[in-house]
Each structure stands twice: as C-alpha cells, then as structure tokens.
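Two complexes come next, and they have one chain in common, subunit A, joined by subunit B in the first and subunit C in the second.
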Partner chain A sequence: MTKDILTIKGLNAGYGAVPVLFDLDLTVREGEIVSMVGSNGAGKTTLLRAISRIIPATGTMTFDGEDLLPLKPEGAFSRGLVQVPEGRQLFGHMTVEENMMMGANRRRDGGVAESFERVYALFPKMKERRRQLAGNMSGGEQQMCAMARALMANPKLLVIDEMSLGLAPVIVDDLLAILTDIRAQGLTVLLVEQDVFAAFSVADRAYVMETGRIVREGPISELANDPAVRDAYLGAEH
Partner chain B sequence: MNRPLLIVSLLVAAGLATLPWLGSDTMIQFGINALLLATLAQSWNILGGFTGYVSFGNSVFYGLGTYGTAIAMTNYNLPFGVGLAIGAVVAMIAALLVGLPILRLRGPYFAIATLGLNGAMMAIFSNLPIAGSNIGLVLPLTRNDAMFYELALGLLVACSLTVLWISRARFGMGLIAVREDEDAAGSMGVNATRYKVAALVMASFFTAIAGGIHAYWSTFVDPASAFDSTLNVRMVISVVFGGPGTVLGPVIGSFILSTVYEVLASQISTAAALLFGVVIVLAVIFMPKGLADILRSRRNLTWRYFIRNIRENRL
Partner chain C sequence: MVLAQILLNGILLGGLYGLMALGMALVWGVLNIVNLSHGALIMLGGYVVYYLFTIGGIDPFVALPIAMLVMFAVGFLLQYYLLNLVVRSKMLNTLLITFGLDVVLTYLAQLTFSADFRTINPPYAGANFALFGLTVPSVRLAAFVVAIVLAAALWFLLHRMALGRAIRATAQNLVAARLYGVNPSVLYAVTFGIGTALAGAAGGLYGMIANLTPYIGASLTAKSFVIAIIGGLSNPFYVIFGGIFVGIAESLTALYIGPTYSDVISFGLLVVVLVLRPNRTLRTS
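Coming up: the complex of A and B.
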C-alpha cells in the first residue's frame, strides 16, 4: 500500500502574472488520508485548481503513473481525480439521486448500480432522502450529498475542499467518521481544511501551507506535537 | 417521456401524415407553417430548453439555411436536396464559429451577444450580389404542397426524436447540469463550452433545414424575411409556453400558438397580434413552467397550482 497516487514536485502556479504557489512538493500514497491545512490565502484552493487542471502550472504532477499537466479538467476527472468542491455546488433543483447520477455521468463501465449501493451504504441518510431536492436539505446533508456525488464517479483520489465549512461541530464529526469508512474501502483522500483539529483527527499525514509554500509536513503524531504548529493552529497551552 | 406516450406521439404523427389527402389546401398550408415553426421551436429547445441559454441567434441559422438553398438552386441550378445540405452545412459552420467565442459568455450576456448577430447578417446579405442584394432571390416554382407538408412533418419528427435521445443520453444530462449550475457541472467533469457548442450546432442543423424547406415552398427569399428576428421570438415563446427542456412541450406549445394566432387573425385581423400578446402574458403568469408541467401530472390541474405560480412570480 505504498504506491504513490499523486506526486507533485516543484509546482509553481498562479493567476496570470501573480504567482501564488512556489516550488511546492506533495505526495499522496494509495489508501491514506492526507490533509492540507493553512489559513486564509495560503494558496490551498489555488493548489486544488492546479491539481484539477483548471489553472496552468509548471513543475511535475503525476497522477496514478500518468503525467497530469497536459490533461484538461474533464480528463483529470475521468481518470479518477474527483473533487468535492468548496461550498458543495450541488444541483439544487435536482433530487439527491439525480445529483448522484451526475457524478456518474462520465462513466462508461456498467458498475453504476453497484456504486449506488456502495455509496448508499456509506450514506444511509442519502438513501432516505434520494427523492428530495438537494437544495432543500440542511448544510450537513448537502455536504454528504456532494461527497456521495463525487464517490459515484468511482474516484481513485477524492479531493475534498473545506469539508467543515459552515457546519456544526457535531456534523463535522459525523463526516469525519464517514471519511474513515471511505478509507477503509481503500480509497485515497486529500482533505483540504482550515479546521486543523478536524483535519488532524482523521488524517494519516498532513502538510502545513503558508503563503504558497509548504512549511511543515509529516505524520500527524509529529505535527500535532510540533511547537510551531501548536502555537499557530492548535492553540498553545502555556 | 415514457413508452405509451412515445407510441401515442408516433401514432399522432402518422395521423398527421395523412392530412394532405384529407384536408383542404388552406389546412395543408397552415400545417406546413405550423410544422416548420414547431421544428424551429424544438431546435431552439435543444440549447435554450436544456441549458437555459436564451439564444436570439437561431434566426441567423434559419436565414443561412434559406439562402444556402436559394443560392444553390437559383445561381447554380443544383437540386433541392443539395441546396438543403449546403444550407445546413453553412449554418453548422456558422454555429461553430459563433458558438465557440460567445458560448463562453453566461446568462444574459450570451443573449445580448446573439441579439446583434441577426442584424449583422441581414446587413451582409443585403449587400451580397450572389444573394440578390436587397431584392432577394426567386426560386424555381414547384406547386406540390403535399411534398412540403410531408418534408416538414418528417423534419419535425426527426428533430423531436433527437431531442428525445438528448433527454435520455449522457449528453442531455450534461446540458441539464449546465443549466442547473455551470460551476458544479464543471467540477463533475462536464466541459460546459463543448456541450453548449454541440447543442447549438445540432440546433442550427434542424433550423437551417427548416429554412431551406420554407424557401423552396415560398419560392422567394429576401434579407428581411430570411433574418426575421420576430421569428426567433416566436421560437422562444413557443418553447416557454410549451415547456422548456421537455420533448413534447415545444411541439404542443407551438401548435397551440399557431392555431390561436390563425384563429385570431381570421376573426379580427389587425388586433390579432395584440390579443396574441395577452395570451402569452397570461400563460407566463399562470404556468411559467409550460404546458408540459401541467400535463405531466394531472393533480397539478387545480386552482392551487395557478395561485402558487402567481405567488412565485411575486405578482
């Protein structure tokens, strides 16, 4: 289980003349949950945009043994790099089930029915609500629906942007538990979070980002005890 | 659309095909106009109904189909079928060239960009010697209304079957995703621009063929009738009246509106357009989702349905 699924080396990216990411290295191995934490404006979302091939980038990016840089967004998507976007971005006037169908819209294999069963097993609540309009559900349910939709694409790497945004802590705990279940099924997750407590409670490894650079990285046990990280993100106890 | 409804629709189409042997000349001529308008509405539905992009540029494709057929037949003595094909190809190329830049615009900006196209095309064709400039072209006369009727009916059936396929295919799901939320569609791996351009090209094909049939039938084309922006408005109205994004809605909607207009025009002539406007305003107030939404479930057909629509419209 040590195969690298996403390898990024020396990544530089930005918007037009404005550079945002500088010489960034990142590795995600198969079957682990890696979290990327950092404050507002650290460049987390820019990194995700570069990974999903929405903005141009230089450096090397390899996904599942294939060069990611020349791919278009839909190309990266069909190869199994699937995002749960920040703010959910559900199709509000469609039912939960239709939203999930949209996740499977680029699949050519016949496993969609099976995926439905698998995803409903992870999110029993979505099965109850499958006929309900996605826009009428609570924030937590919408986040579940967005994750369910992404899982329907049968991803190799699930990239989740700000999962905890605007949700009650109790709901965030539920979602984190589901992430653990997802990993137990062999899926790899890259979790981009501002809520460092939440991210560290579920991840195997983490990267800390500040102003477009990786400033710390390592297993959670190490980072959680790192004085600098504790001071900046977890609240010092002295 | 379920199977019984499809069978009934095909039976109705087969019934309509017998009209040239049963109906009067006036009926047949009304039928040709109604069928062509229904085809135009159905084509407009491909982009406008499924993606929600309101195009005022479809009359350009109609005009290109009209002129493609007319120029091929009068200047080069080519057969009608070849003329239709030329018109369709020109319109599809135009849709591709126009669609690639302006379908990157969103919402109202797209509509505004398409508004100018029609006027520009009319100005160009008014100054093209090959298209007869301002005077227009006269096509060879063929008095065979039955043929035109069957052609128009066949085109409408083909266009509707295409829309039926779209409503069931992955392609249609992508278009609907674009309508519901273009950003979310993007994050689900839908290349929105490519989907929209494909929809516009498909629409331009059927629109151009309809234009070509009308040109040969009416035997005369000029810039004002070929690039008629009110025709585009009628496409939009028919689709909105019938039910955007549905298979049968645009067809039924345009049939009803054609009939209403014809009846009004025969009864009170000049005031017809005014009353036609009243009918449309009432339709938009009471059933903004179109006829198809009412027909879909008969439970909806209570006064509560109409009250709810009025409330949602904040009137």
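Coming up: the complex of A and C.
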C-alpha cells in the first residue's frame, strides 16, 4: 500500500570501461529507512553516484514515478533526491549557514525560512555554530552540517553515504537518533554504512552488497539472524 | 607637493589597474584558469565603448554597462564552447589555449579595427579641478570610483547572492556543488562572463585615459597577473588595493628613476612579493 519512491532494476554502472555494479535491483518505499551494507570497495558509493546521476548507468531507475536515467545531477537534486556524500564534502570556507543555504539552492517554494527553523530544531548545535566556517568544525559537527545542508533541500529521499565514518560511538548514536526523528517526520532514507550494527539499529530493511552485487536483502529481523550475514558482518560483535 | 600629486595620480590609476585584474583574479580563483587573453578582452571592451561613443553617440560612462553586457555574452560563449574543454585540467593546457585565444583576438582586432591609435575622447576628457592644491583629473577620478563600485558589486554578488554563493561553492568543492544542483559548465560560463564584463569595463575606462590599439592586451595581461598575485584571489577589495599599490609604485618609479622603468616595476614587485610571501595562498573563498 505504501508506494515505491525509488525503484532500480538491472542496474549496471562503473567508471569508463571498468564495470563496478552488476544487474542490481533495489527498492525504497515511502517512509522507510533502507540500509545498504557491504565491505570496502563493494560499490556502495558507486551506486549512490549512479542514483544521483553523477556517473552513467544502464538499466531502469525510477524516482517518484519518473524515469531517473535521463536526468542530470541537478535534475535529480531538484526533484528531491538529495545526497549526503561520503566524506561530508562541505563547502569548507563557507559558514554553516551558507552551506545550508546551498542546500536550499534550487528551492522556489518560499519555505526556506521554515526549513531553517525545522533543521535548527533537529541540530541545535548548528544554530550555535551558524556563523562558523564549516571547515573548522569537528568531524561530528561536520557530519551534522552535511545532513543539515541536505535537509534544507526538503528532500523526498535522503541518501546518506557512510554517516558514521570516523566518528566516536556516542556521536554516531546521536546521529542515529536524529535519523529516527527525521523519519518520524515522514522522510525516506537510504543509508549506506559499513557499520552494520549502526545501520541495522535504525533501518527497516537492508541490502547486503558484495563486489557490485546484492547478495542478501530483507527485513532487519531476518538479516540479523541470517547466519551468513552474522558471520560476515556481525560476527565480531556477537 | 609634487610628491602628493604623484601619489594621487598613482592611486587613481591604481584603482583602474585593480579593476583590470579583478576579472582575472575571479576566473583564476574559481576556474583555475590563468587567462592569458584577459588583456585582449580588456582591449575588446575598450573598442566596444569606443564605437558606442563614436558611432552610437553614447556617453562613454553610459556605454560602460552596455559594453559590460556585450562582453558578458562574449565571455559566456568563449567559456561554454571553448574554455570548458580545459577547465580544471593541467595549467599548461589552460595557458596554451588562452595564449592562442589572445593571438586570435589580437589579430581579429587588427583586421577589424585597424592598428591605428584610438582614444575615447568625450568633451569633458581634459576636465579637472583643484583640491587642497592638487589637480584632480575628473575622468581619472570617475574611473577610480567606477572601479571601487564594481569591486563592491562583485563582493556583494559573491557573498550576498545565491549565484555568488554557488560560484564560491563550486570553487571550494566541485563534487558537492554538482550534488547540490549546480551545473558546472553553465556556472563556469557565467563566472567567465562576469570576469569578461569586468575586463570590458576596465577597457572602456582605459580607452578614456590612454590610447587603444589592438596590441595593448599582452602588457595588460601581465599587469593584471601581477596584481592578482599581489592582491590574492579571495577578496575583490584586496585586488583593488593590489592595483593601487602597483599604481603608486609605477608613479614613484617614473618620478625618481625615470618613466621608462615604470613598466618594469610591476614585475619587480612581483618578485619581491613572491620572495617575501612565497606560500601566499591563491585560493578563493
């Protein structure tokens, strides 16, 4: 009954002649947190680049009922497909507020002031730091700033790449709690993570990727008890 | 008194120098292109104002904004169809292609405008007034004011407007800019267009206080390059200060050492600056 916001079928993508993703299927439904896990070099970031239309791809990709493949990155962005990239990629010499304004770059709906309030309510620290240069903040603050910037675009689907990378566990927990809040407000999230524990703690469903292919998928309750997944990704911590 | 007059002349001329360098610094900082055809674009802007004045009968200061629009279009098209091929590629590629462009523009200007000297000579060209015992040439003062106003406008664009924010964002992080709705080819073309429009304004003002020929480009490129390095690429007002610095230095050189050396002095200053501040950052922010 909930509709699909992102549907991917038979996706192939890579860099020049080097294929990275093979015949990949993925669905994200409205209101879900879906997570994509997999080890280094599995192709997670490559998938997100294909979704955001940064790299060419073949197959079918539908976003909110519209064919995603012919769109340019700015087209995907202005339709509400918004990415928090790996490594945050902030505009380091701009203030937190200016970074957030870049998130609202393409909005013409007059709701930017209201978004500022809503996002500052989620990230009170960003309100305190709004005049600070983004490049001068700690890793956790930078991740918050990157998420705040993305939320300013009023996304239909928020795609996050390696949210937890390089952050202390307490900060990761904070961010996960915020993600849950954001979802409660109705936002759909695709969360790419190497930290399977973190990902599974907030997601409804997950996909497991290995060398460019989906090898497992299902609800978290199922995957967390799947012996293969436990051995490969949750083993050390169980 | 002579010294004060010389300083005043240097400051007024330096404002114009700063304006010349403004577009070069913008393009360098955002696109990482050291535009060797920048002086030729200044020259072109000078001719646009010249013809608007002589054929169109438009006052040269009124013609400036028109020339800026024309030059914006020229710059936009050059970047979109030609220079986007080399943007963010190796420095040598950008130097080669803009050097080629300089040669082509100079040659076309010679064919179209002939090699004769031209001056934009409105009725008030020689006007001046006295202030504290100094002679203030009106046109040079106006040129100085225009330079300051345009630097302020550029600052406002970059720091207070959505377009400028996108320009700075793209200079700082191309990956993120693309993910956040910026189309780099268009943004680069707009940026180069703005740089070219500024060059055009500088050319129009230059034509009111010096001779226009198709060959002025190379030395103006060199001067703009030196000023961009002295002023840095981060703040339009620093570029104007850089221009004023060079303007004063040139005037003093002409007075104390001899007028023939005033062209050499800007490179002397460049060497001094590079020695004193070798790791001066040229990043835009």
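As a working rule, the second predicted complex is superposed on the first by the 234 of 238 C-alpha atoms of A that agree within 3 Å, B and C clash if a C-alpha of one lies under 4 Å from a C-alpha of the other, contacts with A are read in each partner's own complex, and residues count from 1 in each chain.
Definition applied: a contact is a pair of C-beta atoms (placed from the backbone, for glycine too) under 8 Å apart; a residue touches a chain by one contact, two chains touch by 3 or more.
The structure presented is a predicted model; accordingly, all values stated were derived computationally and were not measured.
Asker: Following the overlay on subunit A, give me a clash-or-fit verdict for subunit B and subunit C.
Answerer: In the arrangement built by aligning on subunit A, the partners subunit C and subunit B clash.
Asker: Contact-wise, after the overlay, does A:Gly218 reach subunit B, subunit C, both or neither (first, second, both, neither)?
Answerer: Neither partner.
Asker: Quick one: classify A:Gly59 as touching subunit B (first), subunit C (second), both or neither.
Answerer: Neither: A:Gly59 stays clear of subunit B and subunit C.
Asker: Would you mind listing the overlap between the subunit B footprint and the subunit C footprint on subunit A?
Answerer: 52, 72-74, 77-78, 82-83, 85, 89-94, 101-103, 105-106, 149, 153
Asker: Across the complex, what residues on subunit A touch subunit C?
Answerer: 52, 54, 72-74, 77-78, 82-83, 85, 89-94, 98, 101-103, 105-106, 149, 153
Asker: Provide the residue numbers of subunit C that touch subunit A in the complex, in ascending order.
Answerer: By the definition above, subunit C touches subunit A via 162, 165-166, 168-169, 172-173, 175-183, 283, 285.
Asker: Enumerate the contact residues on subunit B facing subunit A in the complex.
Answerer: Counting only subunit B, the residues touching subunit A are 170, 173-174, 176-177, 180-181, 183-191.
Asker: Which bits of subunit A are touching subunit B when the two form their complex?
Answerer: 52, 72-74, 77-78, 82-83, 85, 89-94, 101-103, 105-106, 149, 153
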